[in-house]
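Note that subunit A is present in both complexes that follow, paired respectively with subunit B and with subunit C.
Now for the complex of A and B:
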């Protein structure tokens, strides 16, 4: 069964929430919608669910016009970034709710609810009130509620964003195993997120969305290796990819008085206004490197993010250990220049270390 | 620091409370134990004589009490159903929403006594516009002089006057409901009707209980409508407890006896409203 959309547009006021969005989703696949906040992810999911009607465009499911089907007959399930449950019902009743809307007998409901509880690890919590649960548990309840009905389309709208770090890691693992367990065989899974790491870990087909427009579609690996534009490179990397204005002359990349030999895939680019992109993890501390000044050093988890400056060039470096730096410290770094990307002046990818997109 | 002076600050409030609440209740209890009437004004002590008379020799009081129960329960149920329907209607996105919201509140803003006078004119059997219209269909109900119909006339006026209050409380409740469960319910496959039954209504249970109790307390004091519309008539067929107590106390000046009725009425109301609140909570909140 296919879910196909053509030229969906939604513009409630003066800004596009969806701008000519088209896609073709097949059952048994996981699709990740990657985009910053306000890029239209939630709007897109709501449109698929039927909570929003687009201004123009069409959605077809299994060949039928999906926009004509009212929400409650669409057989979709959705998990929201806020933990949405029914506050007046207990855990069991919450999960049973979608089943009660179809005339299923009680013993079948019990069985399915217990199965769902098991798969999200909430056995023993059936009688609890929703308000007595922690955020993570509430989100599990809404996940169980969306699993129990075996919907043809399962929408997950940034389901992990409001959870603390530990829980997020844990639930993400659980998602991965849930998704791989064959749940996805007949389901179209659509997962939206702002987090590039989540996108890569889920490893599905990625749709990069920005200001309501689809920027790039492809497998996670492809998006990571060959982002087709500066914007995609920014969105699909956290911290965003460093963009350096440089010149390539005689096989050398030159900027801010730094001169490094250009790798093969960049050496033939000669044009003006070229931008070099380098991931923050592709820069390392090195005694014999180039001097930069520390503008800010933040420790996040087990890594240190250094915001560095030299002349007009600002870059972010992430180092896989906890280090203490003071502001205005001078440090020396080296670029793994063979991992560098090049973008044309208009933002389009010119060359990537993984591809053969030269030209 | 010495915090004893905090009691000092409690005194003003306490004085008012004693003056307007506690003293009158104690005085009514003492009054009910006296034979105060227009011939013998004064707090002579006659023991429980008034209460014995009330419980053994005054069916009119109990009739008026059961009549009151019928009237107040019926009006409050009708007010709840109509009020909820109207509130639900203007809660949704409909055209002229603001206009309707104000329109539905108009009856509450009018003066009850004057409106009842107008209703009495409306329902006048030979001169009123209602029967003038109905006579085209060959009917002319005796709105105010038939013992059964008169009760429903009282109900109509009460419902008209006080549904807006219910409407206001329930609309406030609806507007304060979280939006998320409704989104979830739609996606979970609940049609609009099922959404109302399984989400809106249960979520509204706490405020419904509050609104019903407030209106029951108010409705059981019903006095002005009866006074103006029928004066308890025809006969005693629309006489309610408060109206009967008013007749005994302030028309016949049997102050002692009226006090014993008031106090008995107060006790019954406290007990029955507590039970009603408990039962409603049990049914609606499943607690």
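Now for the complex of A and C:
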């Protein structure tokens, strides 16, 4: 069973929502669509679900033209980022709704709904009205409703984005265990998110989408280690990868009066307009390092994000402890330069610390 | 400060209540008066201020041959025309409103909003402008002076209200609910009937209320488009007037004619606060 799309384009007004998108999805796999807001993730999912018809291109499911099949016959399930449930039905009726549509007999419905309730941890809530549930519980109801159908294609559109931090962590764990519990064997799971960490944790095949265009496809690890362009490097890192305009001369990387020895994988690059990419976690505080000025310091969870400036160069550093800095403080940092990436002037990856050279 | 607030609050509530209820009480007492009691100056309390009698009420059900006006038939005519026209308007109006809310229509420069406005523009026109076309139209299809003809005309008058209210209401029902229903195996009609409609009950009630009120109180078209065969209540009540204004039977008929609206309002009021969409999207 596979889902193949060729050159899907969708341009409702003067901007592409999907631009020549192609992919090939196989059953039993998890696909993560990673992209920023308005990158076309929801459009893509809705196109797969059949809620939108692309202007051009084709989708085939098991070799059959999927675009000719109306939504209600496609056997897909979708979880929205807003928790969509039927407000006039209680929890049980909500989950039973798709089964009733299929005219399954009542005892089978009861059994399946109870199973689904169990897998999302909502046993005992059957009779509750949707309005009486918290956001996380509402999202679980809509998840249960999409699980109960045994759909061949399960679409999850940023399902965690509207939840608070705690719930997000918790549900993400639950997703992972649900996905690994054999649910995925016969299902094509498609999960869209803006969060690179979520992408890495889910560890599926990643499709990086930007302005409706597929930028890179590959396993999560590959995307993380070898982003094929500046754009992908920005999208697949949170905070985004620091991009520094630098020169490499005589085996030395030079910028803003800083001079560091180039690591092996960068030493041979000698072109103009080269950009060095360095993750915020690959910069550390060091007494003997280079002086930068603090522009902003934010504490998020157990880490501190420092926005630093030196000349025209602005970088973000994340430090795995809670530190207090004031604006305009001078601090000294060191670059783990052997972890640095280099990008050509046109944004393509020139060299990565993980060794693979892409063009 | 707080005490002043409470005082003012109750003061205004009481003033307003008196303002609203007094005309009804006035009509109620008047309906039990006769010619002499009405002309004897201001009196309020039956048996003390004046001697109550049922003449004003009896006139309403007596046949004209016995000196009555018999509003029973016009009353049921009015009920029938109003209910039928409101029901059809709500059904057609809701369907059009759903289409206008969910699908994009385009014919040249005419778009969804223009179509919605076209509906309501029927209500903006002064009724007098419509009276002659309606008259000619009904006479050409032989429906002058008939209940069916009135129902047709009332649908034209009431449906814009239903469309206007329901378009607004459907726009507030998240589209994702329809989409979820489609994904869950409903075809578009089932999605509308099983999911969207049950969540639109408050809107339907409001639209229904307005249709019933506007249908029930219409005098103008009922007056122009009917003659002898069919009469509606508002026309009949006006016909009560003669050389001596019969305040007692006018008051009684006013109360009788307001009664259905009050009953509908009481039934409907509890549903208005009930359904809400907060569980659809948080």
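Here, the second predicted complex is superposed on the first by the 356 of 359 C-alpha atoms of A that agree within 3 Å, B and C clash if a C-alpha of one lies under 4 Å from a C-alpha of the other, contacts with A are read in each partner's own complex, and residues count from 1 in each chain.
By our rule, a contact is a pair of C-beta atoms (placed from the backbone, for glycine too) under 8 Å apart; a residue touches a chain by one contact, two chains touch by 3 or more.
Everything quoted here is computed from the prediction, not taken from an experiment.
Participant: Are subunit B and subunit C a fit on subunit A, or do they clash, once the structures share the same frame?
Facilitator: Aligned on subunit A, subunit B and subunit C clash with each other.
Participant: Which partner does A:135 contact after superposing on A: first (subunit B), second (subunit C), both, neither?
Facilitator: The answer is second: A:135 touches subunit C but not subunit B.
Participant: Between subunit B (first) and subunit C (second), which, if any, makes contact with A:165: first, second, both or neither?
Facilitator: neither
Participant: Have a look and say if subunit B or subunit C is in touch with more residues of subunit A.
Facilitator: Result: the larger residue contact count on subunit A belongs to C.
Participant: Taking the contacts subunit A makes with subunit B in one complex and with subunit C in the other, which residues are shared?
Facilitator: Residues 49-51, 71-74, 76-78, 80, 82, 84-88, 97-98, 101-102, 142, 145, 149 of subunit A touch both subunit B and subunit C.
Participant: Residues of subunit A touching subunit B in their complex?
Facilitator: Touching subunit B: residues 49-51, 71-78, 80, 82, 84-89, 97-98, 100-102, 142, 145, 149 of subunit A.
Participant: Show me the residue ranges of subunit C that touch subunit A in the complex, using the header's touch definition.
Facilitator: Contact set of subunit C toward subunit A: 174, 176-177, 179-187, 190, 195, 198-199, 275-282.
Participant: Considering only the defined contacts, which subunit B positions touch subunit A in the complex?
Facilitator: Touching subunit A from subunit B are residues 178, 180-181, 183-191, 194, 198-199, 202-203, 205.
Participant: In the complex of these two chains, what residues of subunit A are touching subunit C?
Facilitator: Its residues touching subunit C are 46, 49-51, 70-74, 76-78, 80, 82-88, 97-98, 101-102, 129-131, 133, 135, 138, 142, 145, 149, 162.
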